[in-house]
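The structure under discussion is supplied below as structure tokens; questions concerning it will follow.
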């Protein structure tokens, strides 16, 4: 068959979203649970299609579709991450139905659920566009698409003060970071006169002017992106928003925008790495940001008693680990210590374990009416299955071998050690120990303590299936990472895509 | 003397800083929101200035070359304005919802999530 | 445009910008915001960006400000009287702002390219509305479509967030 | 087959011990007979090995073998020296075993006891037969542990447990030196087989200082085992063990091991004059001190114990005075009469229902004549009265001292005098006069199995010194070397005089005394050496241990580990408070971060 | 074939979690593991290649990272130790009230992890397998521990996690200090790599700290005593007996052959630390007043001798060290087993409240005596043979001069340590087993006949190896010689 054009994926997703909206508005009120199931199915199909798309198509360099959009290996990889994340988030939102209904009183039962199922689809489209964006225009626009939809999702539960407060905080700080992002883009455009990353790269390859304006611009852009990936010191919103937002949205925030943000981050800083007097300082500032995130996230997570909030801090921490890898983007792709591989793999693993923990958390929280750590006491009595799932997730987050999380840390620190970043490694030592502490607190609660009420927890088939699948995936990919690493290759390596790969997947300090 | 690019950049920078300061200083969420608009428009100003400054080659219908402002930047400005409008809409909706729930638009009153 | 006019408008823009954050009453802030944007539009004209300046006026004066005023009225926000200024916050914010301005200033001093005047160009036969339109619908179509989706999402969001409560 | 007899001698007791441990623990008397049988076999084996002219070396096993790098063989050496020692060890051992049959007849831990005895025999024979240092060290340690088992036999008595620990620790301290000496010799000569070292002795003598250190380290081992002065404290306490054990340890086996080892490595120690002097002086000091202490003891076994100490001092000093054969000779005779004395004392104790204080005895001569006469013979031998065996051997030792060092000789004479004195005291108080207690009234001789060993030993204690006995036992060259010096006839005269005065003094002071007329606290308190050690250990080891524990608990673990983890947690709490929930503050922090980072990236070079 | 050793316990653990009869399955698994180990041991062809029973599945071909198990003499000995102690530990386990299945599963997990670590010849799995044991330990101590079990569980887990992380960094640094061309995770391939001596000191230090933490090298030891004191005795047996040896094994496997220069560079430090291990910890041990703490500290102390053997860098000492790993593993396991049995009856292990146990429990008395004497290096037990080799190895090149080098000074300290260990062991023995039995304990009795076998197993293997060390030495020597080339 003739390979699909990659953008069909986004198109299908958008159509799905619009369809859901229409269905919501025209269907008579009633049970809406078919919607997420249907869209999960569609997303799964799209996921499947993504293996049959053509790579980048060569066309005139005078601008046009392919100057904004790239479908190289990493792009496809992150599209798939977005799709998977969205599908699992929809599963969560099914489990979360009751809370939503309680929080948004409509005229009819289930009013507003449709939008709650539809908006993530559009977010997914935005994430997919982000994954492919190689031009500041598209980066900005798709980023905003994601952000705006997240504004709505975070504040979705209008009855719950927490949700609204989180929404406002996210809105203000998000808009602020957007301001910085735009201002930064402005500066980069001003210096280089281009918005396309490849063109910026080629312009900068013989750049003579003073580095200050460039650094100023790139820093402002980093502010915007750092906000998206929850890196210190732009993490300030994370704990509150994560805690206040509806749990599925929290999960989505911590996975989706982080993943896309990191891809964009790598694409954006890459052209600057080669510029004398700029590249090294960009990496230096990355080191600072990484160190701050590691410390802030891990240390802040230790005293937390609310699991959701603790996971928020841990999300900052993981941003830190990913940034450690970003600071050592230089090695050749495919060898141990290649930062791109590390980041991609880490994000995939992070997706699995975070979503797993959030899914379990939603179920447990519904049964023991609360998402503090104490609510997990004696879970291994109430539901060994959930306890095991949570155990796997926590161990993976803590980075215990034979879980995806360990491979992630392994690759990250391999990259760091190869670049001799022993400062970050030293901080990593502290933070890993701290990580063991706060993740194992959950394990201890589940296995050491006795439950308040011994009532068993029954789980719907779909959740059971998804939890089992995620746990299995964590362990399997923790032993055989090859499948994930293989996904990073280009769909069809043509000349253009090689170039695209150079700009995206294999930056190197010439 | 003629105006230089830096004059515009300086002015826009100051506008940006004013918005920035407003976000940090004001307590009323709506006004904070206005300040965010200020920041975005400051960016717009410098963008337009740059687009005027970095002329690009352009082929006229009659085949002759000429220099025109870099319209990519102006398109970006256009997008920014649109996005800003959308953000305002959503933001104000959230603020309204907040006001309904809590009868306030002051940041001191929404500090239940902390530590 | 002559420097004099530029500086006048620039000064006005900044002044009203300041008044946005200085005014206690939200309404006044909104008004000064709009005025400041009008001055901005004027500066755009000075940069031969007619389309943009028109858009600026339409969107902000036409839409955004109305929206703001409407909400302010709807929520019936009074000027904040009860609260006294938090000096620490003011001092901190002021310092940070000052630092930021200083940084911009130093960057600009290093930005040699920016110390030269704007190059002249041949206006004849260049219609920026047409130019922008052409680009928008030809090469820059993809982001344009995405913007469309964004607006759709925003609309849905607004609807969802401000749906009528169940009695 | 002849060359496997030594192996037979060695392993018989081991097999017995293993049998008892694994199978016959439940059947005490059977176990007892197993072990007696084993030791008898060993004794016969030794006799055979002694009589049958010795043909070729027994085959060697290799215990550790790292190819060229390192090889520890287990080989047996059978030469006149070891032959004699075999005879003594197995002979006395056999007698003690038989004696124990009665003495331990109704003891709860009988099997354990006999297993211990057999293990003890095995280890001792191992020392005797060892042909290299490592092997000797192995059995050296084993002797230590088996003595631990036997001394602590009545472990429910706290004193016994203490004594056992003390004995083992003193030995361990000695072994520390011993092992170090072995290592030094190895690092110099690259070998630890006695014959091999004899070949490479030049490598040692090359560096006298090194040699001296090595020799003294080796001597440390001997000090531990044969209870020489600084490490002598364990021996008297070892009396807490059953009396036969005391007999075995003091007479023939454990303490003798030190002397035997010194003689065995004589060719090394004698190469260093300094070491020899040290050895000689240590020996004589031990002899004098022990004798002095003995004069004031009331426990019959303790008196004998101190006498053992002083006799060992004689032997060590003899070695130090270049007369190893004299040392062996005295060891030989001493083995008999000391075993005799102990068994006799055991008989008394047994008869008086475990009464050990001589002041609660008296008048036993009439009631237990056999015991008395044998005991008297042993005493005379120990006093060094002509013509008992002790006279000749002590004479040889004194002669060696006389030839070598006048002062030591004088001290030796003094010791002889003291020996006679306190032994006289013992006999007079315990056996003569009239009974002082109820128990003493009803004393009586032990059964056949108890008295027979006494009688045998009595005979041996008389004749063992006469040259027609000693001659063939030690072989010609030995005797010649022995008689080489003995032309001065007034050394024996002096010795005899010392004996006479001492004995007379003892009689005059103690005949028919109700209680001890002389009180010399210093001697009674053993010069307070034990107390001093307690202070020393308490002051150094325990204090150091407490200090270390404190440091480990509060500094290493408390301050550093807990401190660091606490600091981390504390920082976490601080981090938390950035998250104070106020949006304005967040915006401020955000802006602060932005400005700071911009400053760093743009302006910091 | 080797995989059996790893996967028998692993599968058994999962089966138990899924609800098979716990104790029977566990015993069966451990038994068959031991059987397999013995089978391997004797089917190892000493004339043939160094590494046998190899099996390899590529995991990430591009990095030469593969699941790769193979065994040489050293690995075989360690695997033997693992399976022996596993069987003993599972056997002595008293009836578990809460969640027996989880308990046995954790034990089997630890065993599998240890076996995997000793068997795998791939750097990644070598590391990963070991850290896998961390969590079962955490659960075992936290759920079934005694005393301040929670604090102990946290401490040991985080401490070891930190140590493992430093170790990981060390391994990565080692990996990257190898010339680009010959980078691989294959540890056997790695032996051929030559690392520029300038680049050796940092990796060695990292490895020393990392491994040292796992082996409780002073000053990274403070996790060990409290952990062992509060762990259930089977866990303590497995951890102190087997898992702890991983660090030393790693030093032998990686640091010695790959980083000789680095080792030389840090010898002084190593000697100082191990001397501290022996003397300083020795004194701390003397001051202990509870059996479990004392055993914990003594196990820390004895690590010093193994380090001493490693520090000699010659065949005698290193072989002695590797034999001592085996011996110490067995003796400390026996001691912990007995202390567990006592705790079962008395619920306390403080010397002051115990005494005279030998009268009601002669067997325990005997067993403890043997184990104690074994651990303080009494001839006839394996410990003595290995300690002798260590000492002789240290004095290998002394010559006849009194100018002792650091190694020999450390050895003299070690010799004195032998006295120290005698002091505390005998003191403990006297305090617990000797003396007059009090009324309270008169009711107690020896463990049932079936529960004595694990002790017999451990002590018997100690004695056998002690009498015939050649049995293992003939396996260890070629391996060690290969490591030292």
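As written, the chains take the letters A, B, C, D and E, and residue 1 is the first residue of each chain.
Methods note: a residue touches a chain if its C-beta (ideal position, glycine included) is under 8 Å from a C-beta of that chain, and two chains touch if they have at least 3 such contacts.
Predicted, not measured: the structure shown is a model, and the values here were computed from it.
K.L.:
Identify the chains in contact with subunit A as well as subunit C, in label order.
P.N.:
B, D
K.L.:
Can you tell me the least number of steps between subunit B and subunit D, where a step is a move to a chain it touches?
P.N.:
Shortest path length, in steps: 1.
K.L.:
Give me the step distance from subunit C to subunit D, shortest route via touching chains only.
P.N.:
Counted as steps through touching chains, the separation is 1.
K.L.:
Is the number of contacting C-beta pairs greater for B-C or for A-E?
P.N.:
B-C
K.L.:
Of all chains present, which has the mean Cα position farthest from that of subunit C?
P.N.:
Most distant chain from subunit C: D.
K.L.:
Mean of the CA atoms for each chain, then the mean for all of them together: which chain is nearest?
P.N.:
Central by C-alpha mean position: chain E.
K.L.:
Could you state the distance in Å from the CA-based centre of subunit D to that of subunit E?
P.N.:
Subunit D and subunit E have C-alpha centres separated by 36 Å.
K.L.:
Could you please state the distance in Å, as a whole number, between where the Cα atoms of subunit A are centred and where those of subunit B are centred?
P.N.:
27
K.L.:
From the C-alpha centre of subunit B to that of subunit E, how far is it in Å?
P.N.:
For subunit B versus subunit E, the centre distance works out to 66 Å.
K.L.:
Which integer distance in Å separates the CA centroid of subunit C from that of subunit E?
P.N.:
It comes to 70 Å between the two C-alpha centres.
K.L.:
Could you list the positions in subunit B whose residues touch two or more of the other chains?
P.N.:
If we look for residues of subunit B contacting two or more partner chains, we find 9, 16, 19-20, 23-27, 29, 32-33, 49, 53, 72, 75, 79, 83, 86-87, 90, 94-95, 97, 100, 108, 110-114.
K.L.:
Counting only residues that touch at least two other chains, what does the list for subunit E look like?
P.N.:
Answer for subunit E, listing residues that touch two or more other chains: 158.
K.L.:
Touching at least two other chains at once: which residues of subunit A meet that condition?
P.N.:
137, 141, 144, 148, 151-152, 155, 158, 168-169, 172, 176, 180, 190, 212, 216, 239-240, 433
K.L.:
Taking all chains into account, which pairs touch?
P.N.:
A-B, A-C, A-D, A-E, B-C, B-D, C-D, D-E
K.L.:
Considering the complex alone, what residue numbers of subunit D touch subunit B?
P.N.:
For subunit D paired with subunit B, touching residues are 576-577, 579-584, 587-588, 591.
K.L.:
Which residues of subunit D touch subunit A once you look at their complex with the stated criterion?
P.N.:
These residues of subunit D touch subunit A: 568-569, 571-573, 575-576, 578-579, 581, 583, 586-587, 589-590, 592-594, 596-598, 600-602.
K.L.:
Where on subunit E is subunit D touching in the complex?
P.N.:
Those in contact with subunit D are residues 155, 158-159, 219, 221-222, 280-281, 283-284, 286-288, 314-316, 319, 356, 358-359, 373, 378-380, 384-385, 388-389, 391-402, 408, 411-412, 415-416, 418-419, 422-423, 426-427, 430, 433-437, 469-470, 473, 477.
K.L.:
Which residues, counting only subunit A, touch subunit B once they are in their complex?
P.N.:
Going by the criterion above, the answer is residues 136-137, 140-141, 144, 148, 151-152, 155, 158-159, 161-162, 164-169, 171-172, 175-176, 178-180, 182-183, 185-187, 189-190, 193, 195, 239-240, 243-244.
K.L.:
Taking the touch rule as given, give the residues of subunit B at its contact with subunit C in the complex, in rising order.
P.N.:
Interface residues on the subunit B side: 1-11, 13-22, 24-28, 30-31, 33-35, 37-38, 41, 44-45, 48-49, 51-53, 55, 58, 60, 66-69, 71-72, 74-75, 77-79, 81-90, 92-97, 99-100, 105-106, 108.
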